[in-house]
Structures are given as C-alpha cells and as structure tokens.
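Here chain A shows up in two complexes: once beside chain B, once beside chain C.
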Partner chain A sequence: MSQTYFLTKRLRSLVVLGVIVLVCFGSSVLTQFNLSQGIAAIPKAIVWGFSNFYPTADSLAYLSDIWAKMQETLLVSIAAAVVAAIFAFIFAILGSRITKVSNFLAVLSRAFANLSRNIDVSVWSIVLLLTFGQTSLTGFFALFIASFGFLTRAFMETIDESGTDPVEALKSAGAGYVPTIFQAVVPSSISQIMSWILFMIETNIRAATLVGILTGSGIGYIFDLYYKRMDYHAASLVVVVIVISILLIEQLSNYVRRAML
Partner chain B sequence: MSMKEPPRISPAMTSAPAMIKTKKLTKSNIVIRTTMTVLALLTIYGFFTFNNQNLKFWPSLMATFANFKTVFIQPHFNHFTFSQAVEGVTVTLALGLLTTIVGAVVAFFLSLLAAENLTNKTTSNIVKTIVAIIRAVPTVLWVLIFAIAAGLGSVAAVIGMSFHSISYLTKAYSESFEEIDEGAIEALKATGAGWWQIVFQSIVPNALTSLISWTFMRFEVNFGVAVAMGAAAGAGGIGYEMFMAGAFYFDIREMGTITYFILAIAIVLEILSTQIKARIRI
Partner chain C sequence: MTTLLEMKHVSKKYGNGTVALSDVNFSVNEGEFVSVIGPSGAGKSTLLRCINKMIQATDGEVIFDSVNISGFKGRSLRKLRTKIGMIFQNYNLVERLSVIENVLHGRLGYKSMLSGSLGLFTNDEKQQAYHLLEMLGLKEQIYQRCDQLSGGQKQRVGIARALIQNPKLMLCDEPIASLDPSSAKTIMDHLKNISDSLKITVLINLHQVDIAMNYADRIIGVSKGQIVFNGAPSQLTSGDIKTIYGSDASNLMINIENHDRVKVAEK
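Let's turn to the complex of A and B:
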C-alpha cells in the first residue's frame, strides 16, 4: 500500500519534470536560446559592468539633464495613474456586481477594461507615437490606457470584496444611487483603492522607461541616447537615478500604506 | 469620565442641531486625504509642465481615435503571412516560458534563503534587499545591459528578463513559505530531519499550490514583457514584427492584425491563470 503510494508519487513528479524539460528544450530550439551561452553571459556581463558601467566624475555633468527627464517621467507616471484611477473608478462601479446599473453596462465596462489591460503598453505606445509624436503626451496616454485597464479590474475586485451589506443598508433607508456610492462603497474601499493607485505609480515608472525607449521621451529616451552613443558612464548614471527614485517611492508608499490601514 | 463633570456641548452642536458630525478625523483619514491632495496637485502641475512641443491637443486626440478605429476594424496582412504571425507568437510565448522557468528555478533557491522561518533574520534581510534593488531596475534596462555582453538576441533577452522574474518570484515564494504553520516545520525537526528534508517534505508540499499559482501569474506577465522586449530590445517574435509594422512601415492596419494576435494569447493566459487560481483555492 505505502510502497505503491510512494511509487505513484515519484512517477508523477518524474512525468511533470519530464514535460517541463521537454517544453524548455522545444522553446530553446524555437528561440535559438542556448543555456550554456546564457550562463556564460552572466560573468561576462559582470566583468564588463565593473570595468565600464559605472558613473564617473565626467558623467556627473549630465546629472541635471537626467534629473530633468526623471522629473518629467515621474510626473507623467503619477498623472497617468491618477487620471486613470478616476475613469477606472467609474467603470468599476458600473462593472461591479454590487453596484452595477444594468447588465449591459457591466459587460461593456468589463470588456473595455479587458481590452486595454490585455494589449501590452508597448503596442499602445507605438500607435500613439504616430499621432502624438515624441512628446510626454504619448507616454501619458500609453500609461493611462494600461493603468486604466489594470485599475478597473483591481477596483472592481475591491468593491466586490467590500460586501453588499452597507449598500443594502443605505438602499433600504431610501438613499439614492450616488449617495449610496459615496457613503457606502467609497468609505469601505478607499484605503484599498489608494493602495492600488500607489502600486500603479510604481509600476508606471518602470513601464515609462520602456515607453520612453520606444517613443523617444522622458528617462527612457535619455538612457537610449547615451546607450546608443556608447557613453556607458552616463547611461549607468541614468540607471542609478531610476533605481534611487523607484526605491524612494516604494519606501514612501509603504509608509503611506501602513498609516492608512 | 466622572459623573460630576457637566456635559459638554460643542458650539457646532448648539448652533446647527440638524447637522450631525459623522466623519471622524482619524490618522488614517488624514493620511488618505493628504495623499489624495498631493497626488492631485502633482497631476495638475504635471499637465502644465509637460513638454508638448506646440502639439495641438484635440486634433491629435481625434486622430488617435481614428487610428484606433483603423487598427481594430481594418486589420490586414501586408509584410508577413498568417503562418509567420503564428510563428512570431510562438517565439514570444517560448521566450516568456523560458524566462519564467529560469526565473522560477533560481527564485526557488533564493526564496529558501529569503524566508525568515528557514534561515535567520540577517540572511533573509540581505537577500530581500538585493532582490528589491534588482527589481528597481526596469526589465528593458537589464536586457539592454546584457545585450552588450551577449549581443542582441534571445540570450540577452531571456537572461535580462529573468532578473526581474527572479526578483518578483523570490518575494512571492518567500512570503508563501513564511505563511506556513511553524508546527509543520517543528514536527519534522523533532523527528531529526535535516534542512533539505524539511524543505522537500514539509515546505514544498505545503506551499506548492501558491507556488504554481504565482509562477503561472508571472508567465502571464512575462508574455507581455516578451512582446515589449521584441519591440524595444531586439528579442524577436511578434513584438519585433509589431515594432516594424508600426514604427518602421507606419502600417497601422498590419499593427491591427498583430494586436489581435497578442490580445488573443493574453486573454487565453488570463483565463487559464484565473482558472488555476480558482481551482487551487478549494
């Protein structure tokens, strides 16, 4: 009895492991990825990094330029998250099973959020690049669409989890739809909603680098500029500025989260 | 409060008896309001300082909507065929998969060191700090930095993308390990089991469901990342086709076709991910 139990358990683990190895092998062939090359690249990159990729005294001259772009990127990321949160809140109210007005509107708002979430931010930024060009607005709208999709889903789940009781209570007291939202739904989910907005800002700053490289704006653009010029000391300074900014914002939002809950 | 004290009536209550003050200014309320105000002010300030290069906002917005309409309503094939698109999607999926598996394997061992109940507080804090710094560097920068050492291509893409996955999964895994009941570890310790035996007989079986759920969630994210790396860092696949169609040929109808391919895969992955999560929670 126990022997067959352990035997089947071991066999199952072996089969799972075998499938994973096969899938890995297939994927490696498809993408021409070579694991030994990949492992060899790591020490090579570390050696290269320590000998080339660090800020020097000369590159510090670029600091004011880099900081100006970082500031712009931070503002774009915050603005995109905040404006998206306003729209996402309305769509989440319409889409949540607790507060929906009609089934048709609920399905529509869910579909809309699905569309903007599941198409990657890189796709949106390239479409936007054609009309808004190399401006901050391209980045703003690309991050806005992605944030909107994500936040709608997050807010909807938050509102669903907050429960039907407060809404039912206010409804039975004769409160209208809008007062019900602001007196029942908002108070019970506001701290969670703020927490999601802060998370979105952090995510947006990382995504902004990518969008910047694709569309030529903000901190991503200035990194790409130094990178393609092979001015690696200046490029590394950009990385340092990004890392410090992200870590500081993470600390700040963790502090706010603890104080809120 | 002693009974002898006279009842206090606040001026607000005497002058306007109809208004009942229902909102308390707790610390949490103050923090929420301050955060909201600061974010709103920064947003407004942001809109005034954006570098718009004399762009006409409304005409550009209308043109964008027109473009979206073209993308979604009139997709077509031009520079590549259906089978090439399928191949591109498969390559992107394979990149995401490799990244997830490399990330999961490395993250598993790192998270054993990062879980406080498996090591000590110092080791755990050191690993967690390193992982947080790795996560602060955007993925595209990891890929571009590795591209200098390994050349642009799938090797730099998978290794660079793995860094972020490792960091994310280490955090997620170690938190699942830390949630495991102390009794499950104590029981094995009492029987004289070694560290690895505890890990494989108690920790892994107990946390397996959440490990699988986190890993699949990361795979979902990595597909999107692989699309973006194809576009921005020469990783190939559908992302590269998308970048060429949009930013090189300016063929937004072909971008529409590619967008539908990406959307289809993303939706399938999301459905699978929610199904796995729902099945595991039971």
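Let's turn to the complex of A and C:
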C-alpha cells in the first residue's frame, strides 16, 4: 500500500516537472528566445559594462544634480508610503473581520484594496501619466496607489492576527468603537504596522527609479536623460547613488525595527 | 433580598440554525454567587453573553437592576455594560501593554470618545487601579508587560480590569479552565472574596462540578440550551448530574460522591 503511495507521489512530481519543462521550451520557441545565445551574451555585456559603465572623474560634476533628484525621489517615496499608510489603516479597520462596521463596507474596502494592489505600479504610472502629465505628482500618485493597496492588505492581516479577544473585553466593559481601536487594536498591531511601512518605503525607493523613467521625474528621469545622451559614465553614477541610498535606507529601517521591538 | 438579574423566556438561535438556548428562566439575587455548569456546547457562554448583550438573544427578556434591558442599544447599552464586569477563559488582555494599562481599560466605558481613545485617565482612576492590583497581589508586576505574566497572574489582571468598572455583577466565563489547580484556587478565592466583601454578584461558568459545589451559593445546570437544575449545591444529586451531563457523567459522579463524603466527615 505504501509502495503505491510513494509511486503515485513520485509520478506526480514527474508530471509537474514535465509540464514546467514543456512550458519553458514552448515559450522560448514562441518568442524565438535562444537560451545558449542568451548565456553567450552575458560575457559580452560584462565586458561592455566594465569598459563603459563606470563613473569617471568628469561625471562627478553631475553629482549635485543627481543628489538633488535622489533627494526628491526619497522624499516622494517616503511621503507616498506614509500617506498611503494612513488611508490603508482606515480601510484595513473597515475591512478586517475583527473591526469591521458592516459586511458591505468590509467587502467594498477589500475590493478597493485588491484593485489598487493587483495592478502594477508601472501600469499606474502610465495611466496617471495620461491624466496628470509628466510631473513628480504623477510619480507620487502611482507609488501612493500601489502602496495603499499593498498596505491595506498587510494591515488587514495584521489586525486579523491580533485577535478578537481584547476587542471583546473592551466592548464588554462598555468602551466605544473608536477607543477600542486605539486602546486594543493599535497597541497589538503597531510594531507590525510600522515594520510594513518601513518595508513599503524601501520598496517605493526601488520602484521609484522605474516610475521616474516612465513619468519623467526624480532619479529615474535623470538616469533616462544621461542614458539616452549616451553619457554612460554619468548614468552609472546615478546607479551608484541609487544603490548607496537603498543600502543606507535599509540599514536605517533595520535599526528602527530593532529599536521598536 | 432584592433580585438583581432576571431572565425570562430567553432563547438564542444562531444564524446557522443552532439553538443554543431555549426558554431559559432564572433569577439571581444581589450578592449571590451562582455557578453555571453543563457539558461543552450546552450554551453556557451564550447564556452569559446574552446578559451583557455581547450576544443578542432572539427571544425573551433580560431584567437587570429592575430595568428591562432587552432593547438597549448604543449609549444606554454602553452604560449598562459598565455595571457588568466580565472575565474570560483566555484572559483577553492586550498582551503588549502593561498590567496597569490593561486594568485602566476597565474605565473606558465611562470615557468620552476622545479621552478614551487617547487613554486619558484621572489620578483617582490610577490610584484605584493601584489599590486593586495591590489587593490581588500584583503590586510588583504593575509596570510589567502582560505577555510576561503567568496564566494565574493574567487572570488576576482580568479581575482587576472588571472590578475597576465598579460593577454590580461579574460574569465569569470559565475563568479557571486554562489554569493549574493552585492558580485556579487562588482565582476562585479572589472571586469568592469579592462577592463576600464587595457584595458584587457573581455568575460563573465552570467545568468542574466539585469546585462549583465548594464555592457557589447556588448551581444552575444547563444541558442542550435548557436549564435542568437550579438549586443549592447540597440539593444536587447524582441523578441531577446525570441529567446535566448525560451519558458521560460517570467520572464526574465520583467527584460528587467524594464531595458528599467530605461533607459527612466534616459533620
């Protein structure tokens, strides 16, 4: 009996593996992607990168321009995450099974959050570009909407996990709805919520480059500008600045996380 | 002796069709210590929660302190709940907050939305919390976070939180079900003491028949949503136990017989 059990299990794995191989092969045929050519191109790309894509002393002249754009990007990313967090918290409260006011509002807020989350930030950038044009406000809104969707979902789960028990206790003591949220739900979930906000800021800074290229603002815009001018030295300096900023922000948020626990 | 609580023809049918209570009638006098016993799923928790309306009864009337509270909503319901303290099997504390903060939560029913949300408590309230914790033997733990406490200590915080409401009635839903015997005894002694010295009426759900018989002035036996026994512990017979617990009463009956024997020996 156990023989057939393991046999069927192995067979199932084999079938799954077969399907994956088939899908890979099929899609590369359809797109005329050649794996060996792709791999062969890697050394060439590396050689090109090392011979062109590095900052030179001349390109350092651009540093103050780049830094100004980087600052703008950082601020927009943080602002988008924080403002989104405020809205997300309200929607999460309405959507969580523990704190929902009515089923209708809960379903509505979940649907709204899912809509904004399941559409990628790049799509939002393009959509908003058509309405607002090339301003840094467009980038802000794109990041805001994507952050809002993600954070609503994350907050909702955090609140769900914090449990009904304290809420039941405060309700039975006669506490109103809003005090119950601030005295029971917030203290139980605040450190998790802060952690999600920090994560969102990091994610936004990474996404901001792409959003900037699409919406013509911030660090992405300046990268695009240098790149299209074929000023690869300056463009590479932008990349270096982005990498350093992300690493610094990550260090900072890890520090904040530890301090909060 | 004045009646504090009266249940008249109370029934509860859940949305999924489960009839948890059917035609429940009983009354509780001021200062009485009443224990509700019954098997799992009999409707004990539902019964308790129909009193402070954490669960809305489908039928019948609940009279508390001479007022029919069946239709209470909003502000009047909140005001009623301040008069009824509740403690829980899982303590239901905000684990990340300190002991004293959890105790002060018991005052939220008296607060406006703003001062409640911001947690603005008066010095008197803080003093009162301190005294209650002292009384319950938690003076050392006042500023400790609740997730660092033992089960017995958590339940005492729960009791303090209920007492700071200045309640007339305490509802206790299996407060000792998750505790070891010695912590359980401490909690039961505290509850008995509260009932005797503060004249607070106690209605307590228990799984252990022997403990109910030791502490309660009166026992209410619930089976399948109906009250099948209502009387003094001394009146509870093995036959009654069988009606309450059904076929799986055999191991419980040993308890009751032992109990009788102890009583005889005492005499």
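Just so we're on the same page, the second predicted complex is superposed on the first by the 247 of 261 C-alpha atoms of A that agree within 3 Å, B and C clash if a C-alpha of one lies under 4 Å from a C-alpha of the other, contacts with A are read in each partner's own complex, and residues count from 1 in each chain.
Criterion: contacts are C-beta pairs under 8 Å (C-beta built on N, C-alpha and C of every residue); 3 or more make two chains touch, one makes a residue touch a chain.
Just so it is clear, the structure is predicted and the values come from calculations on it, not from any experiment.
Engineer: Contact-wise, after the overlay, does A:Asp165 reach chain B, chain C, both or neither (first, second, both, neither)?
Structural biologist: Touch partner of A:Asp165: chain C, not chain B.
Engineer: Quick check for you: in the superposed arrangement, does A:Ala184 touch first (chain B), second (chain C), both or neither?
Structural biologist: second
Engineer: Counting residues of chain A in contact, which comes out ahead: chain B or chain C?
Structural biologist: Greater contact footprint in residues on chain A: B.
Engineer: Which holds for A:Ala173: it touches chain B only (first), chain C only (second), both, or neither?
Structural biologist: second
Engineer: What is the contact status of A:Leu63 with respect to chain B (first) and chain C (second): first, second, both, or neither?
Structural biologist: neither
Engineer: Which residues of chain A are in contact with chain B in one complex and with chain C in the other?
Structural biologist: Correct list for chain A: 191.
Engineer: Write out the stretch or stretches of chain B touching chain A in their complex.
Structural biologist: Residues of chain B touching chain A: 27-28, 31-32, 35-36, 39-40, 42-43, 45-47, 49-53, 55, 57, 60-61, 63-64, 67-68, 71, 90-91, 94-95, 97-98, 101-102, 132-133, 136-141, 144-146, 148-150, 153-156, 158-159, 224, 227-228, 231-232, 236-237, 239, 242-243, 246-247, 250, 252, 255, 258-259, 262-263, 266-267, 270.
Engineer: Mind pulling up the chain A residues that touch chain C in the complex?
Structural biologist: Checking each residue of chain A against chain C gives 165-166, 168-176, 178-184, 187-188, 191.
Engineer: Using the touch rule from the top, collect the residues of chain A that touch chain B in their complex.
Structural biologist: Residues 20, 23-24, 26-28, 30-34, 37-38, 41-42, 44-45, 48-49, 53, 72, 75-76, 78-79, 82-83, 114-115, 118-123, 126-137, 140-141, 190-191, 194, 197-198, 206-207, 209-210, 213-214, 217, 220, 223, 227, 232, 239, 242-243, 246-247, 250, 256, 259-261.
Engineer: Under the stated contact criterion, what part of chain C meets chain A in this complex?
Structural biologist: Residues of chain C touching chain A: 52, 54, 77-82, 84-86, 88, 90-97, 105-106, 108-111, 113, 116-119, 158, 161-162, 165, 171.
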